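We just call them A, B, C and D in the order they show up, numbering each chain from 1.
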Amino acid sequence: MGTHSPWSGRFEKPLDELVQRFNASIGFDQRLAEEDVAGSIAHAKMLAAQGIITRDEAAKIIEGLDSIRNEIRAGTFAFRLDREDIHFNVEGALADRIGAVAGKLHTGRSRNDQVALDVRLFTRQALEQLQGDVLNVIDALIDRAAEHTATILPGYTHLQRAQPVVLAHHLLAYVEMLRRDYARLSDARGRLAESPLGAGALAGTTFPLDREAVARNVGFPAITRNSLDSVADRDFALEFLATTSILSVHLSRFAEELVLWSTQEFGFLIFDDAYATGSSMMPQKKNPDTAELIRGKTGRVIGHLVAALVLLKGLPLAYNKDLQEDKEALFDAYDTAHDCLRVLEGIVRTVTFRTDRMRQATTEGFLNATDLADYLVTRGLPFREAHGIVSQVVLFAERAGKTLEQLTLEELRLISPLFDAGAQTALDVDQGVLRRDLPGGTSPRRVQQALEEARNWWSVEVGRQTAADTQG
Amino acid sequence: MGTHSPWSGRFEKPLDELVQRFNASIGFDQRLAEEDVAGSIAHAKMLAAQGIITRDEAAKIIEGLDSIRNEIRAGTFAFRLDREDIHFNVEGALADRIGAVAGKLHTGRSRNDQVALDVRLFTRQALEQLQGDVLNVIDALIDRAAEHTATILPGYTHLQRAQPVVLAHHLLAYVEMLRRDYARLSDARGRLAESPLGAGALAGTTFPLDREAVARNVGFPAITRNSLDSVADRDFALEFLATTSILSVHLSRFAEELVLWSTQEFGFLIFDDAYATGSSMMPQKKNPDTAELIRGKTGRVIGHLVAALVLLKGLPLAYNKDLQEDKEALFDAYDTAHDCLRVLEGIVRTVTFRTDRMRQATTEGFLNATDLADYLVTRGLPFREAHGIVSQVVLFAERAGKTLEQLTLEELRLISPLFDAGAQTALDVDQGVLRRDLPGGTSPRRVQQALEEARNWWSVEVGRQTAADTQG
Amino acid sequence: MGTHSPWSGRFEKPLDELVQRFNASIGFDQRLAEEDVAGSIAHAKMLAAQGIITRDEAAKIIEGLDSIRNEIRAGTFAFRLDREDIHFNVEGALADRIGAVAGKLHTGRSRNDQVALDVRLFTRQALEQLQGDVLNVIDALIDRAAEHTATILPGYTHLQRAQPVVLAHHLLAYVEMLRRDYARLSDARGRLAESPLGAGALAGTTFPLDREAVARNVGFPAITRNSLDSVADRDFALEFLATTSILSVHLSRFAEELVLWSTQEFGFLIFDDAYATGSSMMPQKKNPDTAELIRGKTGRVIGHLVAALVLLKGLPLAYNKDLQEDKEALFDAYDTAHDCLRVLEGIVRTVTFRTDRMRQATTEGFLNATDLADYLVTRGLPFREAHGIVSQVVLFAERAGKTLEQLTLEELRLISPLFDAGAQTALDVDQGVLRRDLPGGTSPRRVQQALEEARNWWSVEVGRQTAADTQG
Amino acid sequence: MGTHSPWSGRFEKPLDELVQRFNASIGFDQRLAEEDVAGSIAHAKMLAAQGIITRDEAAKIIEGLDSIRNEIRAGTFAFRLDREDIHFNVEGALADRIGAVAGKLHTGRSRNDQVALDVRLFTRQALEQLQGDVLNVIDALIDRAAEHTATILPGYTHLQRAQPVVLAHHLLAYVEMLRRDYARLSDARGRLAESPLGAGALAGTTFPLDREAVARNVGFPAITRNSLDSVADRDFALEFLATTSILSVHLSRFAEELVLWSTQEFGFLIFDDAYATGSSMMPQKKNPDTAELIRGKTGRVIGHLVAALVLLKGLPLAYNKDLQEDKEALFDAYDTAHDCLRVLEGIVRTVTFRTDRMRQATTEGFLNATDLADYLVTRGLPFREAHGIVSQVVLFAERAGKTLEQLTLEELRLISPLFDAGAQTALDVDQGVLRRDLPGGTSPRRVQQALEEARNWWSVEVGRQTAADTQG
C-alpha cells in the first residue's frame, strides 16, 4: 500500500512500501505524543489570540487535541504507519474528529520547528528526571556513608593497597562525581529552555505569530533567536548525550568496584539477594549481574553520543532528514541512565558492607609506610630522603615476612638512626587516618563535615526540584 | 511480583521487580528464538547419540521443541518476562509441555555456551543476508553503469570539477567499495563458523559430549578450541559491527552524492517519486529523504561498534553479564544495514540521470587543463614546467572569461611558444576521456572491460551464494 | 640503560628499557612544564607559611623553580627521559641546582594531586583561549553579516532550495551555535576551578597544609571536597572534550557549506587565494583545502572524546596509571580546535560572496510556493488545503517549464478560483523576505535587530574576557 | 613568509602563514619518506621502460632518489615546511640535486595516487610487524602455559569463582584471541595489496603507464581496478584500525586480569621489578603500571578508529583534503599496538605465578558444586532438579560455615536420599578438572593437546612470516 500524505500533492506516485517504513518515524517518535499535543495546543491558542484563526476554530481544535491526549494517556490511541510521524498522526486524527478546520492548525508552522519543540520538551523532562534520580542515589550514598564514618578500609591506587581511608570518605567520592553530573544536567536544562516554534520550515513565517506567548505556554523562559538555527540545531541532544555519557562513566566506575568488592578475594560486600542472580549450570553462584549491567550499559550511552555526533558532522543548513535519527539515541540514553540510577540506588541501600574484612585488609600491604616517611620528615629529613629510607624498611619487612608494626625499633634503626619511639605511633593505622585532618581528607572529623555539607546541599537541591515540579 | 527462576535455589529473596526487568533480556533476545531451538535440538540429538539421555527422552524433547518452534514461527509463542531470557523461556515452555524430562536438556550445557551459539547462528545468517544485499546493490549499479559507458560528467576532487569521467566509471567506483565489503563479510562469516557448545559455563563439562556432532548439525565446520574463550569471546560481534561500519561509510558517501546530485545546483539526477518525499509547509519541495536517512544512519552503526568495543574493554575472563549488552547493537546494526542496502538498490534502479546536465557541466571549470599539460610533456617539457605554463593559461582564460577551447593559438603562444595546432586537439573533452586508456582508467573501452569483469565476478558470487543457500 | 627513580627504593632491578619509554610521559607532559612550576611555587610558599619548611628553604626552592621556569620559557630546559615525567624532571633539575633541600618540596604532596592540578591549570587556559577564539569568529561573522542584511539567497532544507533568506540571517545561524559553544566552554571553566592540591596520593596528608592558600595562589576560587575524587577525577577533561566535539561539529557544518558554496555548481563564494590551494597534477584547480581540513578534523576531536571515555570506563578508585593517557587527547583536541577557529576566522574575513549568483538562485526552485499557500490561507482556506492546491500549481508550472511568477492569473484560476490579483504580489521574492517579520525571522528588519543584539552580547563578553585576563 | 608551491601557478597570493602550517602535512607524513621514495623509484623505472622518459633521465632521477633515501635513513634529510608534504619535499630535494629533469618524475602521476600508494606501503609493513608481534606474545603464552598444565586455579564468571581450571587453559584462551587477531591482520594485508599508482588525480592518465610493472616493483600482486576509487578509498586504513581496535580490546582484557591478579586480594602473580613502578609519595607501592597503560591505551586506538570513520562519513568522490587526516590515526594506532604487544610479551615472560595462592583459592567458593549436580544426573535425576538440590546443599554448607567436601554423607542425605558415597569423589577438585575431558575442556590431557596444536600452528606461521620477509 502506498501513502497519501499531507505533503504528497505534487507527487505522481506513492512511496515504495519499503521506503514508507524506512522513512516513517512513528515507530519511535510516538513517544513524543504528549509533547506534540502540548505544543499544538499552545500554537492553537496563540493563533486565536493573534486573530489568525477564530476563537471558535481554536476551541474545536483544542477540544479535539484534548481528546487525543486522553487516548494517548490511556494507551488507546491508534498510531498509523501510513501517517508517517507523530505530527501527521495527531493532525490526521484531529481531522478525523473535527474535519477540515483541523487543517488550520498547521498555519505558520512546519514539522521542522514542531519536532524541534517536541524534542526539546522531551529532553527537558528527561533532564529533570535524571536530576531527581541523581539526587536519590546521592541520598542513598549519604545515608550509607553516615553509618560508616569510622569504618576503615584500604584506599587503593593502581588497585594496590595504598593508605587507609574511612568508608564514608570513599562513598563521598561518588557523591562528588554525581554532584558534578547534577550541575551539568542543570546547565543543559537551562540552555535548552528556548522555544523554536515560529521558525517555520527554516525562515520564519508570514503570519504574525506571538512566539513568546507559545514559549510561556510550554514553560520556556525564552525563544530561539534565529530561525535557520532553530530547525538545524540539535545541541541540546548532543549536550544531553555528552552529559549522560560522563554520568555513565561514573556509574561504571562504581559498578566496577561493586563487582570487585563482592569477589571472594576482596570480600568487602555482599549483594542483597534481590539485586543478584544465579547460574543455570553452577548451583553455588551468586552473581553481581546488576552491577555488571550498569558497567556494560556505559557502552550503549557512549555509542549513542558517537552516533549523534557522526549524524550531525558535516550537515549543511538548515533541516536535513538525517536529524530524524536523533531520537532513538536520545530515548535509549535516557532510559538507560534512568534505569541504571534507580537500580544503583537500590544496590546502595541494600548492600551489606563487611567491615571486618575491610579492617583486616588494612593490616597487610604496608599502608602505613607514608606515615613513617612523614614521621621522618618531622625529624628533619627532606621528604625525598625519607621516602628512600622507608622504601628500604619496606623491603626489609617484606623479606622478613613482617608488617611494619611488627618491626622492632632495633630493626628500624639498622636502616636509619633517626627512628625512635615515635616511629611506632606513626605506624598506627587509626592514628594515620586521624592525622589526615585537612579539608577533603579522610579523618573522621573531616568526613563528618563533608557529610554535613553534602546533606545540606542535597536538601537545598531537593527543595529546588520540588519547587520546579510544583511550578511546572 | 518476584521471580522463581531455575537458578534461584540458593536465594532467599526474589529479585526486586525493577531488577527483574533490568536483568531480563527476553525483551530483545526473543529474536534468537529459532536459533535457540535449533541449538537445543542439536544438543538433544547428541545427548541421545552419546547415551547421556535415552532415545525416548530425546524424542520427547525434540517433539516439544518442534512445537515451540512452530509457535515461534507463527508468532503465537508467549514470551514471559519472569522467564528472564530466551533460554529459560524455551526450557520453561518445554517443561510445561513434556514435564520433568525437559530438565534433562540442560545436561552438560550452560546458558553461557548456549547464548554464544545462538548469537553466532544469528550473525552467520545476518552476514549471509548482507552479502546477498550487497550483491543486489552491485547488480543494480552494474545495470545502470551498462547504460552509461559513454555518458560524460565531471569527475571531482575537493568537490571541484577536476577531469571528465564517464558515468559508468563513477558508478563502478562504488562497486569496488562494495566488493571489499563483500569480502570482509565473507571473511567474518568464515571466522565465526565454530561451534562453542560444550564449553559449558566456562570449563567444559564432565559429560562425554560429542562437540563435533553438534557443530555439524548446526552447519559449522569446526568447534572452538578453548572453553574459557568460547564463552568470553564476542569477536564475531565486533567484526560484524566493524565490517558493517565500513560498509555504512561507503553507503553514506554514495548517499551524500545522491543528495548533492539531486540539488538544483548540480541537477545531475532526479529521484523517482517513490523514493522522495515532500514538505508539510512548502508545497514545492521534493526531498531526497531516503538518501539522507542512509547517510544519517551511518551514525547509529558506528555508535553500535563503539558501544560493543566499550562493552568489552577491560573485561576479565570468562563470561561477564556485561556481554548481554552485545545483542541489541548487533540486531540494530544488521537491520539498519539491511534496510539501507535494500533502499539504496531501489534508488539506484529508479533514479533518472540527467545526462544533458552532466555533459554541460564538463564545459566549465577547465577540466581539460591537465590534458594541455600532458600535451606539453609530449612536446618535451618536464611535467612540472608544463603544469606551471598551463596554470598561466588558466589564469589568462579566467580573466578573459573564456574556456580553454575558446583561446586562440595566438593567445596560447603568448604564454608558451611550444603550443601548436595539436593543442586544440588536446583540449577536446571526448578525446581526453578516450586517452585515459589504461587499466582502471575512464576511457569507455577500459570501463567496458571493467564492467564485464565486475559482472563476471558478480555471477560467480551469486552462484556461490545460491549453492550455499541450497546446502544450508 | 635502566632508571634510578625517586620511587625506586624498594625495587631490586631497573626498569626494562622499552618499559622505561612506554611508561614515561615526559615526551608529552613537558607541555605542562609551566603549570607544574607554578603549582610547585604555590606549594612551596604555603609550606613555608605553614611552618612545614623554613622561609629560607622556600626561598631557595622558589629561586630554583624560577630559574627552571626561565629556561622552560626560553626553550633551553633539557627534558630527560630517565626522569620519567614533568614532575620528576622539574624536581630533579631543582635538586641539581639547590641540592637536598629540593627534596622538601614534595612534602605532603604526591604526583597524583600534582598532575591533577597541572592538567586543570592547562585546561583552564585552553578553555579561555578557545573562548577568545570563538569570540573572534563571531566578530568576523557579525562583520560580514553586517554587509549583507539585504543580500538574498536560497535557504535550504534537505539541500533543496526552500525559501529565500538574507545572507546575514544565514551567517547569524552560526553565531547562535558559537554562542552556545561559548556558554558551554564557560560552564566547563567554572566547574574545573577547584584546586586538588592537598589530596596527596589519595587520602590527604598528615601535614597541616593550607589548601585554600594554594588555590588562591593559582587563581582557583575553591578547593576540591574529597581527596579520593581529587586524584581519580578527569571530568574536566571529559567535559572539555565533549564541549570541543560539539564545537567541532558546528565548524564541520560551516566547512561543509563553504565547500559546497565554492563549487562551480553553487558558485556562491570564492575563497581568497591565501586560503585555498592547487593541485600537483591539474593546473586549473583551486581547492578549498582549509575548509575540508576543518571538516575532516572533526573526526580527531570526536575520536579523542571517545578515547577519554573509554579510558575512564570501569576504572576503580582512586588513581590508576591509565589516567596518564588523558593528556595527549586533551592537548591535541585543544590545538585542533584552536587552529580550526583561527583558520575559519581568516576564511570568513576574506571570502568573497557572489551575491549575483545567490540572487539568481532564488529564481528557480519555486521558493515562493509557501507564500502562495499562505496567501490562500488569508483568503480563508485551511493551510492544509492551501498546501494541496499550491502543490498542484507547482506541478503545473514544472510541466509548463515556468516559474510561479510566470503563471498567468488564468492559469492559477484553472487550479483554484480563490486566486486573484493578490497572488502575484504574494509571489514576489523580496516581499516574501520582508513578510517573514517575526522575532528570529529573516526579514531585514529582524535580522538587523538580531545583528545588534549579537554585537552587544559580543561586546559584553569581550569586555568580560579582557577583565579576566587583566585579573588572571 | 608565504609559499611558492609546485601547484601555485594560478594563484596570485601566497598562502596565509597560519594556513601554510595548517595545510602542511610534512610534520607527520615525513614518516612516509621511504615509502615515497620507493614508489617514485618504481614509477621512474616504469616511465623509462615505457619510453615516456629516457633511460638517462630515469638513471639521474633514481640516483637522486637513492641519495635522498640515504639521507632519510641517516636522519640527515632536511624536511621543509614550505614544501608542504613528503611528496613535494622529495621532489623538491630531487630538483635541488638534479635540476629540471626532476620535473619529469611527476609525469602521469598525482599526489592523490602517490599518497594512496605510500600509505598502503606503510600499512602493509605495519600489518606484517604486528603479525610478528602477535606471534611473539603467543610464543610467550605457550611457553608459560607449558609450565602450568597442572596448576589449578579458580575459573571465574562474573568475577565470582566458578569452576577450577588449569592455568595453561586460561593462558591459552588469550592465544585463541590473538590467533583471531592474527587472521584478521592477515586478511587486511591481503586485501590492501593492490597498487593504486596510475589512477592519477582521479581519472587515470593520458600516458601509457604500465601499472602492473609498478605493482610488481613495490611487491603488490595486483593493481586497483578503478581510478576514482583508488584515490578516494581508505578502507585499508579503516580495516587496520578496526582490526587493531579488536586486538586492543583483547590486550585490555588481559591487562585487566594482570592488574587484578597482582592485587594483594587475589595475589595470583607478582610483576617482575623491570615491569612495575613505584610511588612518589608511598614508599611501599609496587604498581602494575605497564598493564594499566596497556589497558588505558585501548581508548586511543578505538578513538583513532572513530576518528577515521567520522572522517570518511559522507565524503563524496573522489579525493578530498579531509583524507589527509587518516595518517596520524594510523601511525599512532600502529605504534600503540606495537608497543603494547612488546611490553605484554615481556610481562608474560617475566611474571611470577603464585601457584600456591591459586590452589588455595580453589578451596573456597564451592567451585565443585556443578560436579555434585552432574553426579546427581548420573544417578538419574534431570539436571534441572539436580541443580535445585545442590543449591540447597550450598545454602546449607554456607550457613554451616563448611565447604562442600566438609559435609558428611548424613548431612547431604538430609537434603536428598540420592546421595551416596560417590558424592565425596565427585567433590574432589582435581578429579573435577580431570573429568572435563572433552575437546576445548580444561582437563590436563586436553590442555596438553591444545598446547601442541597451538605450538604447531605457531611454527607454521613463523615459518610463513620468515619466508615472506626473505621474499619481500
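Just so it is clear, contacts are C-beta pairs under 8 Å (C-beta built on N, C-alpha and C of every residue); 3 or more make two chains touch, one makes a residue touch a chain.
Bear in mind the structure is a predicted one, so any value in this text is a computation, not a measurement.
The minimum number of touch steps separating subunit A from subunit C is 1. Each of A-B and B-D has its own count of C-beta contacts, and the greater count is at B-D.
Per-chain Cα centroids separate subunit A from subunit B by 33 Å.
Centre-to-centre spacing of subunit B and subunit D amounts to 23 Å, using the average Cα coordinate of each chain.
Among the residues of subunit A, those touching two or more other chains are numbered 6-10, 12, 106, 112, 157-159, 162-163, 200-201, 260, 278-289, 292, 295, 298-299, 302, 305-306, 309-310, 313-314, 320-321, 370, 387-388, 390-391, 394.
On the side of subunit B, the complex with subunit A involves touching residues 2, 5-16, 18-19, 22-23, 87-88, 106, 109-112, 200-201, 272-290, 292-293, 295-300, 302-311, 320-325, 328-329, 339, 342-343, 346. Against subunit D, in their complex, subunit B makes its touches with residues 6-10, 12, 91, 95, 100-108, 112, 155-159, 162-165, 169-170, 172-177, 180, 183-184, 187, 191, 198-209, 211-212, 223-233, 235, 238-239, 242-243, 245-246, 249, 252-253, 255-257, 260, 295, 298-299, 302, 305-306, 309-310, 312-321, 370-371, 374, 377, 382-385, 387-392, 394-395, 398, 432-433, 435-443, 446, 450, 453. Across the interface of their complex, subunit C is touched by residues 157-163, 259-260, 262-267, 278-289, 292, 306, 309-310, 313-314, 361, 364-367, 369-370, 372-373, 387-388, 390-391, 393-394 of subunit B.
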